[in-house]
Amino acid sequence: MKNIQRVGMLTSGGDAPGMNAAIRAIVLALDSSVEVIGYKHGYNGLINSESIRLTQSDVDNIIHLGGTIIKSARCKEMRTSAGIKQAVSTLIKDKVDALVVIGGDGSFNGLLAIQEHWAGQVIGLPGTIDNDLDGTDNTIGFSSAINTAIQAVDKIRDTADAFDRVFIIELMGRHSGHIAFHVGLASGAEAILSFENTDTEHPEQVIDSLAKQVKQYQNSCNNSFLICVAENLWPGGVTQLRDQLNRYDFIDASACILGHIQRGGAPSANDRILATKLGVAAVEALKGGMSGFMIGERYAKPILVPLLDAIKHTKMVPDHLIQAHKNIKAINPTKIDNL
Amino acid sequence: MKNIQRVGMLTSGGDAPGMNAAIRAIVLALDSSVEVIGYKHGYNGLINSESIRLTQSDVDNIIHLGGTIIKSARCKEMRTSAGIKQAVSTLIKDKVDALVVIGGDGSFNGLLAIQEHWAGQVIGLPGTIDNDLDGTDNTIGFSSAINTAIQAVDKIRDTADAFDRVFIIELMGRHSGHIAFHVGLASGAEAILSFENTDTEHPEQVIDSLAKQVKQYQNSCNNSFLICVAENLWPGGVTQLRDQLNRYDFIDASACILGHIQRGGAPSANDRILATKLGVAAVEALKGGMSGFMIGERYAKPILVPLLDAIKHTKMVPDHLIQAHKNIKAINPTKIDNL
Amino acid sequence: MKNIQRVGMLTSGGDAPGMNAAIRAIVLALDSSVEVIGYKHGYNGLINSESIRLTQSDVDNIIHLGGTIIKSARCKEMRTSAGIKQAVSTLIKDKVDALVVIGGDGSFNGLLAIQEHWAGQVIGLPGTIDNDLDGTDNTIGFSSAINTAIQAVDKIRDTADAFDRVFIIELMGRHSGHIAFHVGLASGAEAILSFENTDTEHPEQVIDSLAKQVKQYQNSCNNSFLICVAENLWPGGVTQLRDQLNRYDFIDASACILGHIQRGGAPSANDRILATKLGVAAVEALKGGMSGFMIGERYAKPILVPLLDAIKHTKMVPDHLIQAHKNIKAINPTKIDNL
Amino acid sequence: MKNIQRVGMLTSGGDAPGMNAAIRAIVLALDSSVEVIGYKHGYNGLINSESIRLTQSDVDNIIHLGGTIIKSARCKEMRTSAGIKQAVSTLIKDKVDALVVIGGDGSFNGLLAIQEHWAGQVIGLPGTIDNDLDGTDNTIGFSSAINTAIQAVDKIRDTADAFDRVFIIELMGRHSGHIAFHVGLASGAEAILSFENTDTEHPEQVIDSLAKQVKQYQNSCNNSFLICVAENLWPGGVTQLRDQLNRYDFIDASACILGHIQRGGAPSANDRILATKLGVAAVEALKGGMSGFMIGERYAKPILVPLLDAIKHTKMVPDHLIQAHKNIKAINPTKIDNL
């Protein structure tokens, strides 16, 4: 078993609920003789040599806290060789044996860069609400984000219902539709526009199909109509889509960008457990001498995924979920088109 | 005691959590021999003669539901004499003895108009999240809206904290700052921009003062900085304010419009109780032959407020609250200006 | 204006959400030159001389946290003259000019005892979920407790509804029914048993009346039936009441003690604002040389209430609330009795 | 493809959040020409021939509702051949082609019994908060229950923290520790007592080990100490355990039975999605002529599990989760014992 005396840790990129739970699990799973150094504000902490000691009592009661106690940030300097050298130099100065980074694919790029210039072990944990990391069924933060989002959408449903209105809701997700799709399904949204199922090269057809669905709804049950849209998908965003739909005189549409509430708040039960399992597994991997891996979750168990594989592709929404969505006719645009 | 056999009811204007609790209280407080007719979609239900019977079992288990089971809407026709006549004609046709309207000032204007042409009793209940109705300490829906908003702002605080970022959050409220102020105070926002305390005729001074505060924060504790802004206050909205603040190179600001989540969701305990008290009092008032009043709450007790008085002024945020805000130096712009 | 250089603070008795918001408001409202000493674990901190300095950055981001950062406890020694002397001796040793205590009536007894032996100023803030302190419309923690409770009762309503079951729910409150009554009203409980409206000297009559109500419900709408009961009211508690009701063959009753969830969690918007207003007012009172008062809230404004008056009586549920409850027939035992 | 014209549906046994989402998915996934008959109150609806038609508009907006719109119940008569015959006779009278039952293992026993006497198709969906059904990774309701429970435990943590107290919390689960274990892990409980890891035949050793842990905690960080206990595990329940721990003079323990809040409330995102996926898959299975299966979820995809296999064993908490728990030393009794 590898003799590890100092472990460096940092949270990088967009913050995600559950990051603190992961930090806690790593610190508690390590022997109390191991020094844990938390670098602050993501990789900036390595570059600026800004860190704090993390002891058991620092992490004892943080499992339910959103955010990250060692802060997070994006770090452009980590794309420069000067920045990478500076980061490595801090690790050497601080006599760090292993570095654990909790973040998304951008963060893993940083890890790979460091690995080229440093002899210590590097391990990554998937921390991002977007759930777009390949090799892991779920990323830390995803479950919390969709639960926060559905609670918000449930409230929007109330007011949309009161007014028989069309509401277009933008969900986060960067370039995949995991949040949009899961939230759409879970809130019974009448339509979901996501990268996996929307042809944005023919926006007029999409608009036309949506308008037909709204009309059919008004004819049958006169209720609300919610459209969940993945951010970055629609040219001009949801405000543009709203304007396009409002050209139809029978449509009264409003737009809502859920925004950063999706990134905060107490983590869900699933995220706390996922973060804990992966943190514990990260320590096992370190003790076993592993380096260059992301600890992912596959079929509810932790697995080692080479960092390069984790960032190679953006994981997209799986087919069986898109299929389930189509089978519930209330939200099936193609079926309506066939009328 | 007045002999009332049929009571008409409608919810009008922006929906507010607690409207259902008010509907429930009115139906349950009336004798079971009284017929309650719920006109749907606000005054449109009167104009289009669209209604449903409301019995005890219809309202028995709706106290915790957001929205309104008889829908709501804005109704431009109620500003025309043709529309008013049509509404009155429906009331006469349906043999209604008294009409109860739950809504904001626009809705009370409709009531007053109807009262001029109809012999039946008219009573209003203050239902709007904006809390801008004069004559009542609280409107039904206000407490729920601020609780929903602070839960959202708590989550934004997490991510702002993780990133040491400035977040500008827009709250609803039409032309008063009740929600912005209460949410700002309750979430510990570092700054609150509201109608009562912001000079929008000198925006550059406001921006400058905010920037100074942010700088002072960065120098002292390096945390997040939240600014709660009342909607309709700032020219160009919070996205414009964000751009203006981002011109300072030490500021990294994001904007967030909380939007319609503030209108939905299960009502808070206070709103359920307020709605219940006012609904019961409305029935007492009807039995006592009262007409032309809004049932408001003053010092926790129901009172009768002449409808004209209720809509004469927009109630603004009281001084003692603005003063309390100033006394907590962390959010006192003038103190900073004195540096 | 009084020259205050050191302020001691402690939270005592049952903890209540909003205590941290009050601590924050006091620290932020004081001049930064004033030293704030937080005595830990209630009066035990004074007796054992265990304290921490509270600075602005300690309290900056605690407004939304339940619990209390300086802990709380009951302290039997404060009922002994040796304990009081020890407490006073610590205040003198630490050169404290004024002591602020956030707690319930037990805590104010301690303040009065200290005042007899100490020249410094004493101020109390009403912090308890029970809302039984005379002289203030609301205590810090009450609003949060009832919101937490109604969310729990809403969930119980779901399962009671699914099963057409009778659920007896015990709410906290010591010897008054504020929580039971407000939660009962706000959750549409079919019955409320509280100190103010239940004759426990004739339990058989109460049981009989309840059974009749349940029967009437089953005949009319076949739904769930919730009974909110104040703790300490019923001999044998709610489990006993459950057994007594289950003797009727048409009744299937379950009991549920909500317990300590009512004491924790993020404070509601109202509690954060109340705590902030009262904290700011406490500092104003100290600067004005006041001593021997509780800062209460009356008609939404802070007022000074002599400590003796605050603890003289237990505040009971006001009549107009009990009356509102009776007027909604669904939960009116006497009306049923008249069948 | 099987020609199905009438589908019967019922929810049976303990209710679980997500049952409504499953009902909705099944109704919406079926052709609109198929008649769906919802039998009320579980199997009692079949025995008493009490049912309602379920159309698209009945289920359109129920995805977020806890409970079940067709009620649930336990039905002892389904263990008698007279009861089974009566149930089958109703199915024949109503010309039902297929019966879908959402419930736990007791409910599946009923399905198997019906299958022996009836030619129609039978399909089961796993609906119970206990997650103890073999053959499916998750049951509908489990995710919601643990999220509700951790929110409650987070509040208890606040008050336990304020008072440095030991809290013993009882979680539901019948005869397995899924809820206790997941909630314990997710809330950072210092100890978890469950069927899988506790030797109740030597209670004194368990008590002794717990007391040692509490002592170690008091020596190191003086915080709160939470113990999550599976219901039905400890003789005398958590109140007994509390009394046993309170014999140690350094321990101040309270007990809390979370109770039925774990069964209600709006379903979590995961449960809404799971219920939707399984409901859609159930309809696919019916169309494919399948009968005698439970639709489970394995590795996030729906699978068919023979009903007999689903009820053969009680699924227990998997080893890797128990191991993860041990590796976080803060909650590792055996490690403490080695001191």
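All chains are identified by letter, namely A, B, C and D, in their written order; residue positions are counted from 1 within each chain.
Here, a residue touches a chain if its C-beta (ideal position, glycine included) is under 8 Å from a C-beta of that chain, and two chains touch if they have at least 3 such contacts.
In this text, all values refer to a predicted model and were calculated from it rather than measured experimentally.
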Chains touching both subunit B and subunit C: none
Partner chains that subunit A and subunit B have in common: none
Repeat of interface B-C, chosen from A-B, C-D or A-D - more than half of residue-number contact pairs shared: A-D
Longest centre-to-centre distance from subunit A, chain (CA-based): C
Gap in Å, rounded to a whole number, between the CA centres of subunit C and subunit A: 40
Approximate Å spacing (C-alpha centroids) for the pair subunit C, subunit D: 34
Rounded Å distance between subunit A and subunit D, as computed from the means of their C-alpha atoms: 28
Interface hub residues of subunit B, defined as touching at least two other chains: 151, 154, 157, 161
Listing of all chain pairs that touch each other, if any do: A-B, A-D, B-C, C-D
Footprint of subunit D on subunit A - complex, ascending: 24-25, 28-29, 32, 56-57, 60-61, 63-64, 137, 143, 146-147, 149-151, 154, 157, 161, 182-183, 185-188, 220-221, 223, 266, 268-270, 272-273, 276-277, 280-281, 283-284, 299-302, 318, 320-321, 324, 327-330
Subunit C residues touching subunit D - in the complex, by the definition given at the top: 11, 15, 17, 19, 41, 65-68, 71-73, 148, 151-152, 154-164, 167, 254, 256-257, 259-265
